[in-house]
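The letters A, B, C and D name the chains in turn, as written, and every chain counts its residues from 1.
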Amino acid sequence: MNIRSFKSGKDRREALGKEVGVSLANIGSFSLDEAIASSRNCENMIGIAQIPMGVAGPLRITNRKQEHDYYLPLATTEGALVASINRGCKAITQSGGATVAVESVGVTRGPVFATSGIIESLNAKKWIDTHVEELGKVAAKTSLHLGLKKLRTRVVGKNVYVRFFFDTQDAMGMNMATIATTSMYRYIEVKTRAKGVSVAGNFDIDKKPAWLNSISGRGKRVWAEVTIPSKVLKKTLKTTAKKVYDVWLAKCMIGSAISGSLGFNAQFANVIAAIFLATGQDMAHVVEGSLGITTCEVLSTPEVKNSSHLGGESEESLYVSIYLPDIMVGTVGGGTGLATQKEALSILGVAGGNEGKNAQKFAEVIGAAVLAGEISLLASLEEGTLAQAHQRLARGKSK
Amino acid sequence: MNIRSFKSGKDRREALGKEVGVSLANIGSFSLDEAIASSRNCENMIGIAQIPMGVAGPLRITNRKQEHDYYLPLATTEGALVASINRGCKAITQSGGATVAVESVGVTRGPVFATSGIIESLNAKKWIDTHVEELGKVAAKTSLHLGLKKLRTRVVGKNVYVRFFFDTQDAMGMNMATIATTSMYRYIEVKTRAKGVSVAGNFDIDKKPAWLNSISGRGKRVWAEVTIPSKVLKKTLKTTAKKVYDVWLAKCMIGSAISGSLGFNAQFANVIAAIFLATGQDMAHVVEGSLGITTCEVLSTPEVKNSSHLGGESEESLYVSIYLPDIMVGTVGGGTGLATQKEALSILGVAGGNEGKNAQKFAEVIGAAVLAGEISLLASLEEGTLAQAHQRLARGKSK
Amino acid sequence: MNIRSFKSGKDRREALGKEVGVSLANIGSFSLDEAIASSRNCENMIGIAQIPMGVAGPLRITNRKQEHDYYLPLATTEGALVASINRGCKAITQSGGATVAVESVGVTRGPVFATSGIIESLNAKKWIDTHVEELGKVAAKTSLHLGLKKLRTRVVGKNVYVRFFFDTQDAMGMNMATIATTSMYRYIEVKTRAKGVSVAGNFDIDKKPAWLNSISGRGKRVWAEVTIPSKVLKKTLKTTAKKVYDVWLAKCMIGSAISGSLGFNAQFANVIAAIFLATGQDMAHVVEGSLGITTCEVLSTPEVKNSSHLGGESEESLYVSIYLPDIMVGTVGGGTGLATQKEALSILGVAGGNEGKNAQKFAEVIGAAVLAGEISLLASLEEGTLAQAHQRLARGKSK
Amino acid sequence: MNIRSFKSGKDRREALGKEVGVSLANIGSFSLDEAIASSRNCENMIGIAQIPMGVAGPLRITNRKQEHDYYLPLATTEGALVASINRGCKAITQSGGATVAVESVGVTRGPVFATSGIIESLNAKKWIDTHVEELGKVAAKTSLHLGLKKLRTRVVGKNVYVRFFFDTQDAMGMNMATIATTSMYRYIEVKTRAKGVSVAGNFDIDKKPAWLNSISGRGKRVWAEVTIPSKVLKKTLKTTAKKVYDVWLAKCMIGSAISGSLGFNAQFANVIAAIFLATGQDMAHVVEGSLGITTCEVLSTPEVKNSSHLGGESEESLYVSIYLPDIMVGTVGGGTGLATQKEALSILGVAGGNEGKNAQKFAEVIGAAVLAGEISLLASLEEGTLAQAHQRLARGKSK
């Protein structure tokens, strides 16, 4: 069967169903515009995958003296996840909201060139390092929505690697970046004696878990934090500051250290995956979203101590922060224009392009959502209710 | 708005739409059974995310002298991905098919305990190390479909970490593993002086990119390989063995080495994400699927050389292999029972439970699919068509 | 000048001095037996390097209810290091001594073989995995002092890697291990279809900083701990438990996490280098000794609290532990038989072979010494005296 | 015994000898100036460690059209090492010499500060990022030989990390850097609301194996390369280009990749350790010298092919390069002023200060020496002579 030869997804689906002897009725039931999806998002289309979408919230973000409550669209097939994030949202909102911050590092793309040896490699590197502006003009010609922010070079023997950083406004921008890089790649070949080997040489480094992205950042760097009072810890999270802290230290710090992990966190990837899926992000970028660090601190509140009948510990509040060095997201382009994805972005009020502001705001919400996920899981690991939650919410799943 | 207080997804969706002032019509259009999905897969459900599903193939797998052609269900919003994988499938099939192999390492879950110091920690470790059978009985009581395969322990000061490996047949099994671990966790607390801190202590290590999983394996280890003759390289992939080899060495090896990457590959994550999404896998496990190594070798075919008019290089064939140390997949449980996901698994002939054989076969297909993705991308990076493909297939995306 | 053509170090030294126009009088002044050193330890010998050796201690180790006070021989050219370790020894001894534990993992050596593809690779792996005893006999024939403990195998495409673990008693044993490995390497070539590529394939992994050694261990794993009372913290270390804890968390945990470090510690390498140098160890193994984790915990002492006039914090004691996963040491062989090195080992009472007990005891002392170094540096970083110490002790150095 | 209470090393040595019942005669025999060594390099001095010093060479370096032959001073106790490096030197020199290049990245030191939360952290970061010149003036006041080159900052929750890069001319400069950092640390405390936690926060990252140093560089970055003709491969190295290439790929690339190594090389640490020890470098910096990448390439020489009676392979030449991202060395300060160490530096013609040129030249020689070590070991691993060399040269060692 030649799967490229069909005129429509319907024809292809039916032929494939016949070929493998399976009804594909559900895959064939959907509302999105097949013509657009099949030309922009997916070749050889046969229909759609349907993923349950839930919502968590309200999640309060308090930034620059403004407060806003968000409802998080989360697409997942993993029972208990939405409920867990929802509990974290509740705890954050009850604590007055999360503080968030975002730095736009830029999407990266990086070619590799070959030379005749070290001296020529270093000459090419020098030329590239000293012609950033000129290269930026070459890049800018490829798109009105892209700018070259900076670049980094690295030489290993006959190989010269470049890491370009681009501002792509509200788009995640990987494709724009590739097109702009290809243009500069040809230009560098003309201007230096280096010969292009590959437009993408893993110094980018795209969709691989890598220390370079942790250290140098990629896409957006995101921070979020909240201080949870003892009351919220007790009532909503059924725990104490000290207990969550102990789980965090043993798990996210020392446990990650003995495992050679690039993620010093509890479950960044779960939250990232659910938001990315609902909002049309590139799911392979979940890999990069799993990088980062959660920190905790127990704060004593001495003024309360004296009047307490419960002993000091239960009066302590808990500071929790998350740091995401590499969040690759967009609110235009890619899957963001598809029907359900656009609606999900609209729930957050960030659908479409807005001079980079929508992507910025979207990253802020992601930061707060990841924070909610960490708080809830760290609390449940301590209270031993993780398995119970799964048993209750996902019963029958593994049968 | 209290999002937990609604009786149905419809009510919740409508209330949310009103709250944020957005129509959620598309999210509300679907065929899956909301009652099941909302009880097993997703709390606070409001509808579904629709992701375009395409198909690539036929992809021939030649194993143990048997040949089988597969069509890969791939859900993605990234234009050019399905086409790229499809080209790799074609090259593999034209080359006689991929050889694949799978080793079932087992899903892992690992608690952390606290003690009074090194001596007590080492005593607890010793007890655990020497009571694997006894612990296996405790674990087995929690499910008919789970068995404890082995365990590893690690001591750091007052912390004792355990990494349990489970056989969970055709299920990915993370929830089963958590339930069994919780049971052994309580048992260890009774039998030793160690006190449980957390049922999951990141020595598991779940959904984080970590060297431990690369080295010790998790879920399934998968290998796949193919030798591509010069004709196929030329006609289907528009390249030569030497050119692909050079891209591979500069990108996947040296490029990954300078980037501190755990993935010595071109794009494992893209292929893993698309298959996982179509078939109802846990999308956060894409993180672990991004680990692994691609290898290449140029094979000269001297007998052909003499009769060649084109010179030696173009007659060389290319050996390509991929190694995936950590593939977490299932054909029952989680999202695999949902309507479109089950159909996707059925396209591969691996839906449902079958004494572990379906998950095994599914992992084999994933291995071959990842191989297809690597071959196609490595070839396109050399020929410089990556950007062109994106421009052609995904035009308008980044506008 | 042909440097291999001289009969003695003296002749070579004088010729070299003339060649480069430099007097090498000090390099020529030494007491060690040149004949032995030049045949066993160093080819083309011209004399010696003289490194100042200091001593720190007493350092009390309290193990299995026995107490022993050690004096640490430390060879270094870095002013302030011996003084810093000495302060740590004092704090430990005043606190009642360090508790230590050692696990002998074994020196590793690992060849790599080539095959025709995955299936043959997995067959070779299977043969190796199931013939450990047989291989052990082959290994045992090469030395009376070596035994094969276990092995691990890994397949990547056409490559089969082995990691042999050897018991080499009191010897560090790298050379013995290489000889035994070479013998098994030839044997495996005969018994399987795998063809040897290299007797050492970096799956060993020798003298490189690698997660495999951190995770799987190499040589000896060492733990050490002590609880330092508030008095000692105050008088000897001029600090408090809380202050040291804060430095540790910010530096050894989070600081290491953002730096992609395999060492979650303050200065393991400094202490390892100084002891290794004094005692004739292989200095390239300092690389592996830099791996590992320091942990801290603040312990409140409530009974003391009430009677305190100083407030709670200053009455807190501090638990500190270190974990070294990869200590490669010996008390026989290599440089341990040289004159000054043997004397240094004798200061610790561990010179020569003793059925593995001397190497075990030596590793224990190293653990306690590293603990002393951590305590002292973490305290000085907090109190801001690091630079002062360097200015005072090493004045003139940077002029 | 109070080891700090003695007036001289002799008194201390004799008292210690008595205390542990051991003669320390050899440790007491040396020519260096105890008064200087005990005040600048080593407290509580009891004498010296004597390490055999050999020499390898001539090693030709061909740079900027100039040729120079060096003799490498190497202090080691590991038999076969000097002989192995010597063989590599011979191969390089016979091949016309190594090409080398050095980039001075600068020694780093990095404090960590605490704030009240993310916003304050980012404010402090911003202040630091925008006051580099002002901070440079503060740093410059602490030494005439130090300049602040640049800085990097990182925020994780309440923690603000800085990585200062210093030019310290011919000194390795760690102490100078610490003193300058302490001064800026106090200054930043005054100018921002951040409170100093530690003058060294592991974002430096000193003497730990870390991806940050691999990626961002530290001290000096060094490259070296040579192309070895088939004749030299055959006669001097007893191998062929293809054989060495295969060892390199299986070991340094794929073997390192499966081991989670930061060193993609054969034995950088061995060579670094021997040179560092001979020349008075800080031996804990061997850790950083073990980082880096070796590359190989087989070059065909077609013009020779036709006239060959031996077949194509043996006429191929081999390109080998090494890349050292993190070499911490000096020619003044630290241990470089001691008698034997100064003589060793004089053998290379780089003793003392010379406006940074001596350290530069020293780093070049280290690069070529490391290249020699790689070539020789990779060749011997292939020919299987590693064990034989050890057996012959180091016989009796492990008895």
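Brief remarks follow.
In the analysis below, a contact is a pair of C-beta atoms (placed from the backbone, for glycine too) under 8 Å apart; a residue touches a chain by one contact, two chains touch by 3 or more.
On a predicted model such as this, the values are computed, not experimentally measured, just so you know.
In the contact between chain B and chain C, the residue numbers used by both copies make up over half of all numbers at that interface. A count of contacting C-beta pairs for A-C and for A-B identifies A-B as the more extensively joined pair. If you average the CA atoms of chain A and of chain C, the two centres end up 40 Å from each other.
For this pair, chain A with chain B, the centres built from the Cα atoms lie 18 Å apart.
Touching of two or more other chains is recorded for residues 156, 159, 211-212, 214-215, 254, 256-260, 262, 293, 295 of chain D. If you check the complex, the residues on chain B that touch chain D are 211, 214-215, 253-254, 256-260, 262, 264, 293, 295.
Taken in their complex, chain A has these residues touching chain D: 99-101, 117-119, 121-122, 155-159, 211-212, 215-216, 223-225, 260, 293, 295, 297, 319, 321, 323.
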